[in-house]
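Chains here go by letter, A, B, C and D, matching the order in which they are written, and residues are numbered from 1 within each.
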Amino acid sequence: MKISILGASGYVGGELLRLLLDHPHVSVEQVTSERLAGKRVTTAHPNLRGRTTLCFSRLADLTPCDLLFAALPHGSFAETFNEVQSVAPRIIDMSADFRLRSANAYETWYGREHTDPPALGKFVYGLPELHRTEITNASYVTGTGCLATAAILGLLPLFREGVVSQHEVFIEAKVGSSAAGNKESASSHHPERSGAVRSFQPTGHRHTGEIVQELSLNGSPTVHLSATAIEMVRGILITAHLRLTEDLDTKAVWNLYRTTYRDEPFVRIVKDRHGVFRYPEPKILVGSNYCDVGFERDAHSDRLVVLAALDNLMKGAAGNGVQAMNIMAGWDERAGLSFSGLHPI
Amino acid sequence: MKISILGASGYVGGELLRLLLDHPHVSVEQVTSERLAGKRVTTAHPNLRGRTTLCFSRLADLTPCDLLFAALPHGSFAETFNEVQSVAPRIIDMSADFRLRSANAYETWYGREHTDPPALGKFVYGLPELHRTEITNASYVTGTGCLATAAILGLLPLFREGVVSQHEVFIEAKVGSSAAGNKESASSHHPERSGAVRSFQPTGHRHTGEIVQELSLNGSPTVHLSATAIEMVRGILITAHLRLTEDLDTKAVWNLYRTTYRDEPFVRIVKDRHGVFRYPEPKILVGSNYCDVGFERDAHSDRLVVLAALDNLMKGAAGNGVQAMNIMAGWDERAGLSFSGLHPI
Amino acid sequence: MKISILGASGYVGGELLRLLLDHPHVSVEQVTSERLAGKRVTTAHPNLRGRTTLCFSRLADLTPCDLLFAALPHGSFAETFNEVQSVAPRIIDMSADFRLRSANAYETWYGREHTDPPALGKFVYGLPELHRTEITNASYVTGTGCLATAAILGLLPLFREGVVSQHEVFIEAKVGSSAAGNKESASSHHPERSGAVRSFQPTGHRHTGEIVQELSLNGSPTVHLSATAIEMVRGILITAHLRLTEDLDTKAVWNLYRTTYRDEPFVRIVKDRHGVFRYPEPKILVGSNYCDVGFERDAHSDRLVVLAALDNLMKGAAGNGVQAMNIMAGWDERAGLSFSGLHPI
Amino acid sequence: MKISILGASGYVGGELLRLLLDHPHVSVEQVTSERLAGKRVTTAHPNLRGRTTLCFSRLADLTPCDLLFAALPHGSFAETFNEVQSVAPRIIDMSADFRLRSANAYETWYGREHTDPPALGKFVYGLPELHRTEITNASYVTGTGCLATAAILGLLPLFREGVVSQHEVFIEAKVGSSAAGNKESASSHHPERSGAVRSFQPTGHRHTGEIVQELSLNGSPTVHLSATAIEMVRGILITAHLRLTEDLDTKAVWNLYRTTYRDEPFVRIVKDRHGVFRYPEPKILVGSNYCDVGFERDAHSDRLVVLAALDNLMKGAAGNGVQAMNIMAGWDERAGLSFSGLHPI
């Protein structure tokens, strides 16, 4: 299968390229970057030295392929979508442009009108754990927000079962610096960003819209999301607090998770009584496509604390995109995604 | 004024020593460590090279002084208290042993009976912002938990005013590694701890008891606390979520904070519209005695997000202890605590 | 091919296990740990959750296999060697016990007599770039020191060609914390180790012996090695300074490197004029088996500065061991070692 | 004494401001920034919140003062020098513009002609340990390069005594990110810079010129300098290798250091047999004005390894500048510089 990547100079594009170069069933045809057109991809992605001699192309020079990944900046893909539909029958868009099904929700969370509301209905929200069947048959699939993916996978068993009191959840997300992209800024300057514990989005985080949309399984949830940037390059940990509608003990909650994720290749339930890594931690997921989920029942109240960790560039972006591609193509979902993560790291 | 420090080989003891050596009104007489008795204090505290020739003494060799700081491990001081009362008329205990006024609460949060319940009533909870007058007249003062201090100072204006819906708050604390003390363990081993985002106490954190006690100003609060260890040596940031009982706008909330902290020398309200450091961040508080507090109103709901940052060894321990000492002695509260913190760091 | 790992609870053992579980041509039979016997390997290696149900065995329970990896602590394997020869016809030992061919050199650098001098001659120094043919035919192969591997590969083209003035080189090695193993200590305690720039071995580093042995290609070299622990978990960068015997320009030096490494699958020459990653950097090699080498000619003198980077647990240990195994078995050297490393990380 | 700071929005300017605000003998009159003119200094230096209400002025609005600190970018001050001489009778320039006494040396290391060669002779190289008397009487003093300061102080006792074989030394400097200033760039972007071990200047580092100049005490030294950026915001460690002309043992070398630095308030000799911090480490010097120096004799050769650590913004810049000011004013050299550094950090 011939694949091209639109917007391959950024972090998500680079990860897509890395994964696809080692993928057993695909060949990478073209990768675009207007800024770096004509230059070797290793200029932007030095880890690929010795692995490829590909150079960046321009969007205008794209030739037809079987599947197109788009990793353009948010807002850009919506404007390019019409233009590139002729390039490939299948498109997986990693941007935020078509994740929300409702133009109103888009305006609420993105603060501007959507430029192509009718196209919103053409895309499937590309989270296999929720939409595997639709992805199988889809022409157009969107990536998922990195925070949203962690939050949704962490909370899915509970919202599916309807055991969250008042459908209300408070989510605190700890986020690494790569989630903000590869463009330098005053706040990403190393002396300023190093060691930061920075409340960059205490309220109003855009991924709230995705979480609300995908967890509306038993009524509309109230999602309170805050995001804090911490000292980490890759990784997300969400800590979610909710009250249970009934007195489920640890075993009962475990069973909900087990039922939901028993057959999922990339979701692991992590909850150990001993050891250093008792709960989900993004550190040992760097480079892997796992989302680790776990929880703890509060013995002093009816609170449940839910934890979910992932690598924002993998299960939170490129890895999940490749998983969706595998599903669309009918391959083993794990193809090209076998890296287990490292310990120590 | 002659000061001695009981248990001076740990991190809190070391910070007390550092602060007291440079304090304009005191002299450090003795510092104890059973393990390092006879050795120079610079063995444990290399930053003090060239600043002092003090050596560690044994507890048994303590001579009378004007004020005794105790920085023994939690649980040890309660057993030593009777023994050391003859050493000094005034004692400031940095351990957790006498912070709670109720033996029941102690048992709830520490999982064992208190060994000396009658003595609980003899200590003042040493947070100047809440108990300045009592500290002035106290013989025995306790330190305050590092997380608890951040949470209490962050939430005080709201609980004092009674504007927290159902007195309920969800607190997520991000914590540096020094908060766990200076004893190595499997989980503090650098390859395991570096880059960690570790839910070491999703529920059941002991400081919950202190927060409940000190915020019981308009009824008993429900405090949901989770604590996450992150890549940082010194520092705490708490992110607290609550719903407001009435529709207070940003200015109204600001006024509550301003009213409470206008004259406090070590609490700053941090809430900027622009810039990199718009909200409280522990990074620029390292070594300082400030607790920076801030908040953000959620435009999509009635939620208020509260942020509070401090250096766990300073305002969260030794610095706050020295502030309490200054109050007890009638000195300027800021004596010996003038370091502003660094930027960049 | 059936493989077992002796001493699999440590960091090198864990990496061997991770690599072998995903290796296309082998099956892992047994992995030993006396301390963790009977427990799942994921107790020690949490990144392998969901990848294996293996449990640790005892050494005494080892059954015959085709090849045995030994990852015991330095000093232990030499005492176990006789015992385990019956387990497998081929052994790759990751410890330092049999790296030096001379018992005298061992005593010089390890400060004690070797316990089994005759066995020293039975092992091949397992660096493929120097000893590929011998490895092919060997029964017993030793791993290589992580610092030594970086230094040798960085300097090999120059010592082979004999262009190093007085055969003398000054090497400064920057090392991550995982190189010291998985046992906690006062100096590995996170608050002490985090952010450290620690001259843990300014002189007398044991790997000096290996470097001298392997670079004795045109006379005996004088190797001045210092090692500094820096903030990093995995990774080594060596910076080596030497004077050239003749006025070789950049292109001439490049040609020496090119000649030596043209066909090496795991050595890349990195020397760019522009970009962020112009020279070898361990950061983007985490998890990969590459050793990146580079150099810069000093325009103000006859000095050449040589740089070499690798992941100490991969090309500096387990990865190199698997590469050696591939050679011994006649497989593609790259089997099981295809991970390219990540960017960003 | 009235002080103004020219170019106070950068990291060095910010540190000068912080130190001078707490200095017992001075008042800060004006601080300039063209870019931030009219804005509060806390915009650029958030650690100073609550400490000052100063706003930035323009250079054109500078009024006369007693002493002017200049912290302009390299190259800018030389062009401003004539203009600002009327502002203050004494100037301390933190830039590199007037550190070298020779216009030829400037051209060699800076790659361009000096714009005001005659003025080079008007400045004293502001290192108290070498030029205390000249500083006392100087009108114009220059700051010192951060790497150069560490290298010079580490090596001074040896070059003064003339015991360095062939006057030749190989210096490897490990440097934190703040040394590159407060302007963001592709290489300072956190995901790229975090965890880096980056050979940003393997040869040709500008500070070489200063080191050569100041160590020309017994002939002209040959200084081979390489610089590596590591994961650290503040701090420098230099590791220098040299061969001794005679067989000095540890005690003899110690005596050379002791003789040179016995009475220096900001140089400590650090060389312990036990403990975690046996040698100089920048980690515990953050915020302090110390330069810690140490060494180790190589038991296998005639090599001596010299280590020197400092905080690049303190003893490597602003702190050293304030020390020079104290000398010029006849105050205690330690005034305003009493902060000891923190442990842990």
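Everything below uses one rule, namely that contacts are C-beta pairs under 8 Å (C-beta built on N, C-alpha and C of every residue); 3 or more make two chains touch, one makes a residue touch a chain.
What you see is a predicted model, and the numbers here were worked out from it, not measured in a lab.
Q: Looking at B-D and A-D, which one has the bigger number of contacting C-beta pairs?
A: Between the two chain pairs, B-D has more contacting C-beta pairs.
Q: Would you kindly say which chain has the C-alpha centre located farthest from the C-alpha centre of subunit A?
A: Using the mean of the C-alpha atoms as each chain's centre, the farthest one from subunit A is D.
Q: Just curious, how far off is subunit D from subunit B if you go by their C-alpha centres, in Å?
A: That gives a centre separation of 35 Å.
Q: Between subunit A and subunit D, what distance separates the C-alpha centroids? Give it in angstrom.
A: 45
Q: Residues touching two or more other chains, restricted to subunit D: which are they?
A: Residues 11, 178, 182, 186, 191, 195, 231, 233, 276-277, 344-345.
Q: What part of subunit B is in contact with subunit C in the complex they form?
A: Spelled out, the residues of subunit B in touch with subunit C are 11, 176-178, 182-186, 188-191, 193-195, 231, 233.
Q: Which residues of subunit C touch subunit D in the complex?
A: 108, 170, 172, 174, 186-187, 191-192, 195-199, 202-204, 208, 222, 224, 226, 228, 230-232, 235, 237, 239, 241, 276, 278-283, 294, 296-301, 303, 305, 307, 309, 344-345
Q: Which of the residues in subunit D end up touching subunit B in this complex?
A: Touching subunit B: residues 11, 14, 18, 21-22, 43, 45-51, 178, 182, 233-234, 268, 270, 275-277, 284, 286-288, 290, 292, 338-345 of subunit D.
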